[in-house]
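Should a chain be cited, it is by its letter among A, B, C, D, E and F, assigned in written order, with residues numbered from 1 in that chain.
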Amino acid sequence: MEGMYAFCVGLLTACGVFLTLRGRSFSVVVGLTLLSYAVNLFLFASGRLKLDAAAVLGQSKSIGDPLPQALVLTAIVIGFAMTAFAVILAMRARADLGNDHVDGQIPQPRHGINQKTGGAK
Amino acid sequence: MLIWTITIVAICICIALILNLWRLIQGPTISDRILALDTMYINTIALILLYGMYIGSGLYFEAALLIAMLGFVSTAALCKYLLRGDIIE
Amino acid sequence: MQHLSILPILIPLIVGAALLLPPLSKNIQRQRVAALFGLFSLMISAFYLLYQVQMEGVHLYALGDWQPPFGIVLVADPVSVLLVALTSFLAFAVMLYAVNGQDRGGAYFHPLFMFQVMGINGAFLTGDIFNLFVFFEVLLIASYALLVHGGGKQRTQATLHYVILNLVGSSLFLFGLGIIYGTLGTLNMADLAVKVSSLHAENATLAKTGALLLLVVFGLKAAMLPLHFWLPKTYASASAPVAALFAIMTKVGIYSIFRVYTVIFGDHAGELANIATPWLWPLALLTIVVGTIGILASPGLKTLIGNLVVLSSGTLLACAAINSEAATSAALYYLVHSTLASAGLFLLADMIARQRGQAEDRFVHSRPLMQPRLLAILFSVGALAMIGMPPLSGFIGKIMILQSTQSVAESLWLWPLVLLGSLAALITFSRGGTTLFWRHNGNVSTEGEAAKPLEITAVILLFLASPVMVIFGGDMTIYTQHAAHYLHDFQSSAYDLLPGIMQ
Amino acid sequence: MPLYLEIIVCVLLLIGGIFLLVGSYGLARLPDIYMRLHSPTKASTLGITGVLLASMILQSYLQDFVSIKELLITLFLLITAPVAANMIAKTAIHHGIKPLEKTRGKSLIEKMRHRNNPPE
Amino acid sequence: MRFFPMPFHSMMLFVVWLLLNNSISAGQIVLAAFFAITIPWLVKDMRDEHPKIRRPFLAIRYVLMVMKDIVVANVEVALLIIGPIKKLQPGFVAIPINLSSDLGITILASTVSLTPGTVSAEISKDKTWLYIHSLHLDDEQALIAEIKTRYEAPIKEIFGC
Amino acid sequence: MNSLLWLPFLPLLGTFVPLLTARYSRTACAFMTAVLPAVTLFLILSHASDIFSGKHFFASVPWVPAIGLELAFRLDGLSLLFSILILGIGLLVILYARYYLSAQDSMGKFYAYLILFMFAMLGVVLSDNLIQLWFFWELTSISSFLLISFWGHKSEARKGARMALTVTGAGGLALLAGLLLLGHTVGSYSLQTVLDSGDLIKASASYPIITVLILLGAFTKSAQFPFHFWLPNAMAAPTPVSAYLHSATMVKAGIFLMARFYPSLAGTDLWFLLVSLTGLATFLTGAYVALFQHDLKGLLANSTISHLGLITLLLGMGTDLAAVAAIFHVINHAIFKASLFMAAGIIDHESGSRDMRQLNGLWKYMPYTATLAMVAASSMAGVPLLNGFLSKEMFFTETLHQASLGSLSWMIPVLATLGGVFSVAYSMRFIHDVFFNGEPINLPKTPHEPPRYMRVPVEILVALCLMVGIFPTMIVGNLLYSAASAVLNGDVPHYSLAIWHGFTYPLLMSFIAMTGGLIIYTNRQHFFKFHAQFPTSDSKLVFERVMQTLASKAHKFISFTENGSLQRYIFFTLLLAIVMTTVPLLQLNTTAGQRPEIPVDALSITCVVLLCVAGVATVIWHRRRLIALLTLSVVGLIVSLAFAKFSAPDLALTQLSVEVVTVILLILALFFLPQKTPKESSPRRVVRDLGLAAFVGGTVGTICYALMTRPLDTISTFFTENSKTGGGGTNIVNVILVDFRGFDTLGEITVLGIAALGIYKLIARMRLFMPSSDDKGRPWSEDKYPLLLAVISQSLLPLALLVSAYIFLRGHNMPGGGFIAGLITSVAIIQQYIAHGVDWIKQRLKLDYQIMIGSGIGIATLSGLGSWLFSRPFLTSWFDYFYLPVIGKFELASAMMFDLGVFLTVVGATMLILANLGQLTTSERATQKEHE
């Protein structure tokens, strides 16, 4: 199970990173959200995985590590606040700058490259 | 017997979830995808309840309850977006 | 005063919350008075805390009465209280400037300012690494909000970059914390320091990845190369009081590096001893280089100051890499000096820009200033301090840093870079200053706005620190030496903070 | 656990599981969006009710007192499922998605789209 | 009425609270009562005027009937879904409705969605037509008639409109 | 002698005098300004006799021990000599400037700068501490910058000042490095210790670098070749400044430095090579270039360079007598050059020009001044009976005794004579071109004699030229001796200041210089023609070009690296992170640890499939934004399931509720952001990013796996054990959140509150683009508030609130708590917004969300402050069990207050964001319609 879990964390991280590296604010926000999922899962896993071990006294057979859970909770809330801010900021940037590129301007395709690919075709 | 039943039902739900995912990916229309997501919420509720039964714990009921409540809101918001664009107007 | 050490966090928090509530929330005059009063009392309590710590030693404040390493503790030690006092003083002066109208550029300036101060003070005081993350986020989110204060395209654009980069940084922070907790099983910094020494083999390797991830995070805050890109533009586009307050922001990263890589992963960390140094040293030097180039390239005063901040970050990081008491002492002195000087300059740049019409703070021909003499005097003071020329405080910091190099190799790298950085600053400041104050024609711009007495007071207050730090340089350096000694003394910076733990 | 209870629980569970599967199967299988709408709103709702009932009985037994809070989920789903279906149908209609060729009353879609009355 | 601006909801909340807590201890009853009073009081402004239930027993009967229909409908639909799709004859139907309250229309539409092979798709602007989609439409008029008599009529009676 | 501690500061005090007295008459201002320097001079002179008798004075107090900085002064022969020059000539310049400055010039400012400079110079020469010496050294650079740029509105003044500052500043930095190394080598920054440790220093490995660095400081300051170019450009300064700084004092600071460290550094081959060759080169270049200057001050500046070279050459020779000669020439040069500058200033002042091609035959107009200038110029040329002759004679003598260049040593006297030839030539030119040589051409003013008192300083100095020239021993004998003794740090060799030494080689050299000079001057036309063949290189232009190239190169570099592309910045950030983590990771031998793994089951596999497909789909479809949002929801859902599965119900609940609010926010963003994402990443970029993403993901996954498969001891058992007894709750996670680590939570809700405030700021005055149709161009539906949704939402609200209350109250003991409850409440209210719109809610729900945030944070804080009443730290929790009839046992805890604060903040923050965003768009739509 741990292997699958780790694979998922890695995959989510990779997806998040890839999207964060895109040029449009929406993609970036989605990427950051994916990344924060991965982060939360990772942080949670630092307390090791346990089945049927909810950290509630008298409710389960054993008790998992409650501390990472509390940390993840804090991280989720903070992540939510940050994502919310980023989303609205993306809107604001779009409103102020007229486009949704993270750099505030749509990059002009470089002529040299165009010519090159054009030549190749 | 119970464990076996739970396993069988769990497999049913797993298949159901995969089918939902298939529809979500397949589309073809956005409405289909929303519908698939909505169904997925319902199947998840069942899954959580089943898990609670499996380990004999009532701790997960609230999670199921929340999915029931919140899944609807998100479906409604998505549809409102498709209809009006602005969901809070 | 049992609760003295938490006041630097609570005062801004309570005042910030109160500013959102009636009767303060609707009236800007009341908000100003409340904010100034709050920051003034913060300043008093911070300096009193400094005094207390100096007299009685380290204050350990166990929140919720849960003893370390289980609960969160605040550690008011010579290092953290120095920075808290610095922050409080800076915040008061900056607010003094802001209440003259700069606080009007959007809603919630005062509460956000308070929360920002709270976050910074919290980051300095906390002795718990996850709590450090929380306070990082507090100060970051407040800085995001403050950054857009005043509106405008450039600001939005710079904020977007700043926010997204820092969100990536926060993710890395959490990854790092996950690894740290996953290998050491604790969060209290002193406890981490104790536990890390007994880590072996593979766990040590894993912990190393976490520790280095944290270095990236702190490096991002501290504008370490290649994570510095955001800084010049962000600072240059922020409104003046915000930029001035931001002068302390990079220092939070620097401080964290000192704390984490001296106390936790310092000499006593077994397999993880001094892991940051091999990375820190080249990156710090490159940061200095890039800062220097940036200084030479600066087209305007605000960008120049931004690049000076990069330069000083590089210098401070180099001190962290040298990893000795002398270097830490030098860094502490230099940190205080550069924070106040750059903050004052940011405010000054704003006053200058407001009087030069369209030319703003750019080094181009323009209309004459309305208050040329006053601003020129202030400018020279700020410039001299920043360049590190006598008679202002920069030179002491610079000399301390140069003297702290331990080997010939270190000196051969650091000395030329630090000195060339100063030279670049000298060149650009003299170019900029002569242009700003002397290259003009026509009449004074009619749209210009003369600096108000309180604004000038604020700048003078910030700059005054510089000569004071020279005149009382002896006492000041004795303090920084003491603080550095504390930080490097494992007994006091780790074991003494864990009253319940057997050594 | 008494056998009769176990049997009841198992039957309820199986019913629930099958209906859930059928609902999702329909969702995947049926040819147009309007037809697909039926399966989750009905089959899945019933399926979940089965599982909920089973859970209710089992948890009541396990925890030694009558646990009927699962009913609340059923209540929620019964209230919301039709609205969700309605909203999704509205989007499909609004987007003018063509139903299956053989669908009767296709012409009504245009009317529905503008929420007009049907042609007399 | 000052204490119970929404008596039906108050009752429901009272019950649901006890349901949620799986307890009828004195403390929970006090809390249930507390919420049964305060929550309606909090949200009373957040409501449009809705007609009152005139005939509660009929309402209960209606609920039971619908529940039975749901089960039946589901079995039917399940069979339809599993069965050959080619035999299905879907169709849209417009049903004239004569309910003056939004609540009534909503209940009718919901009921239709939950019961035999039909989903409420749209309601006309003037709220006189309910458009439904039927999974397997044999006889359009029969369907209209069934819905009107089986569901619309009792709703009309329950709310008296 | 304690007065030495405050004595140097008298001039500093004096800087304020002119500023305060500028409002009175100019004479009064000048007089008052002169008082403090005069007093200082008097006080210093009062010690002269003691110093002449071999006494030295020291005074010091600690200042910044950490850097070895002391407030330490010494008064020995060398300091005395320079102090007299600084203060004496300074006083004359004050008097001179009184007449020189025009009415427009701010006299107070000028004097203030001048006195500041005087203070700095005095500090340099009196310093007994290396760091302090450097301190004052830099002050001279700064004050000279201020003086050169006194006429800042003139471009040359700005450029000249900047050039001087840059060059001397750079030298200053080198000097600092040198001094620090020196102090480090000696182990003390006390000058006396350093002077006494000559052997130690010369033996140390860092001696060469120390010498080079210190000499760099000296050479730049004293305008030695190749750093000499700044000095002619500093002539943009008012002439009193040139007379003071650029002849008598500041440029001598470099000389002073070499003299000061003579005992420590001189006497080695390295010293000889560096110093004497530099001096020689400077001596010749300056002399040669001076001849071809048309600007009077340019000529003087270059002659200054030349004479400074001469002194440097002498100091470099390393013999004791050469050092004496150097000191003697310092005195003489100061005297005659200051007077020459002043004379040039008078000429400029009274004729309006400094161009020697215009200035001709001034003898007729100002005979008295001309006489004075001619005497001074003769002294410069080394005419007998004048002081310049004496030191030049000594110089020639010393060049003859030089053997350090081996077989090439003969070149030194020859080249020295050549320099002398040019000195004579340019001195001739100064005299002949200006005062004779026909009639003036196109002068702006008709020249005449200056005001009476403007001449006085020149008269005094010229008188000194004569007196020193005729009675050297009487006038400067003691001074020279004691200064030389200070330079040599001990015994002074025998020397003679006699005017006549008989027919000697030096006399011959002087004679050659005289005749050669005359010949060159008379044949100057040929030389001018010869010189004109070379392209003139204006050092100012060159310097400016270098500076500009530097700036533009820097700018190019910066705009290349900081190109404003966020993608690049993130790329670098992640790249650094990944490099830093993988390097240690390579040492990890086995990924899997010892901890037994949980077996895999079908359910988990299904969930993993769902998660992975949805995650990848999000990436693939990120340009189809709504679909990406749907797949993102799936990921969120599965993540919450994972939390539930692995025993974290609280996390599952939180993740679920946060998820919904996030999705709603993203839907809002979808509407306001462009609907289409163009495909703009090049394939190369995509591959690069995919590579990095895979690398990062792989690393994270590896670490995650490695962590999970290893056992861990944590502090968590403490929480498990104390949750009920110490925190009063059975839900350990919640007890951690509100009690053990309540401080984190306080910070966390503050973050949320701040985010809401920040978002409010962002929303304010935001001008939004609102598409009138969706991404396929379909107009929006007219059904604003669907009937079913509206009615059902109303019914759900009380239920949702009840659930929220339930979740809130049970939180301490079971999964739940204030945060989740707050989100449920928020979502319930948001649903009302979706179903009914802003206006509908506005009339019905009178909640001030800002106040909610404030009071939420306030309540949480206050609940923590409550413990202060019991003298416990902030956030110390309190709980107890109570019994009431009927109700029975129940628990009350301060944590509930805290949780209430959390709840309020969450609701306030979420609603402040969403409601305001909704409100904004609604009002915008209304106005848009109005426009239509």
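Keep in mind that, in the parts below, contacts are C-beta pairs under 8 Å (C-beta built on N, C-alpha and C of every residue); 3 or more make two chains touch, one makes a residue touch a chain.
The model shown is predicted, which means the values in this text are computed figures rather than measured ones.
If you take chain E and chain F together, the chains in touch with both are D. Separation of chain C from chain E in touch steps, taking the shortest path, is 2.
A count of C-beta contacts for the chain pairs B-F and D-F puts B-F on top. For chain B, the chain with the farthest CA centroid is F.
One inter-chain figure worth recording: chain C and chain F are separated by 16 Å, centre to centre, where each centre is the mean of the chain's CA atoms. Here the CA centre of chain C is 58 Å from the CA centre of chain D. Inter-chain centre distance (chain A to chain F, centres taken as mean C-alpha positions): 39 Å. For chain F, residues that reach two or more other chains under the stated contact definition are 564, 566, 570, 574, 629, 645, 649, 668, 670, 700, 707-708, 712, 714-716, 719, 740-741, 744, 748, 751, 754-755, 758-759, 762, 781, 783, 786, 788-789, 792, 795-796, 799, 803, 814-815, 917. Counting partner chains per residue, chain B has residues 10, 17, 30, 34, 58-59, 65, 69, 76, 80, 82-83 touching two or more of them. Looking at chain C, residues 130, 134, 137, 141, 144-145, 148, 160-161, 164, 168, 175, 178-179, 181-182, 187 sit in touch with two or more other chains.
Two chains count as a pair here when they touch; such pairs are A-B, A-C, A-F, B-D, B-F, C-F, D-E, D-F, E-F. Residue ranges of chain F in contact with chain D, taken from their complex: 776, 778, 781-783, 786, 788-789, 792, 795-796, 799, 803. The part of chain F that touches chain E in the complex is made up of residues 787-788, 790-792, 794-795, 797-799, 801-803, 805-806, 809, 832, 841, 844-845, 886-888, 890. On chain F, the positions that touch chain B within their shared complex are 602-603, 606-607, 609-610, 613-614, 617, 626-627, 629-631, 633-634, 637, 640-641, 644-645, 649, 652-653, 656-657, 659-660, 663-664, 667-668, 670-671, 770-771, 774, 780-781, 783-784, 786, 789, 793, 796, 800, 803, 807, 814-816, 820, 824, 827, 830-831, 833-835, 837-838, 914-915, 917-918, 921-922, 925.
Those residues of chain A that touch chain B in the shared complex are 51-52, 54, 56, 59-60. Against chain C, the residues of chain A that register as touching in their complex are 16, 20, 25, 28, 32, 35-36, 38-40, 42-43, 45-47, 67-68, 71, 74-75, 78-79, 81-83, 85-86, 89-90, 92-93, 96-97, 102-104.
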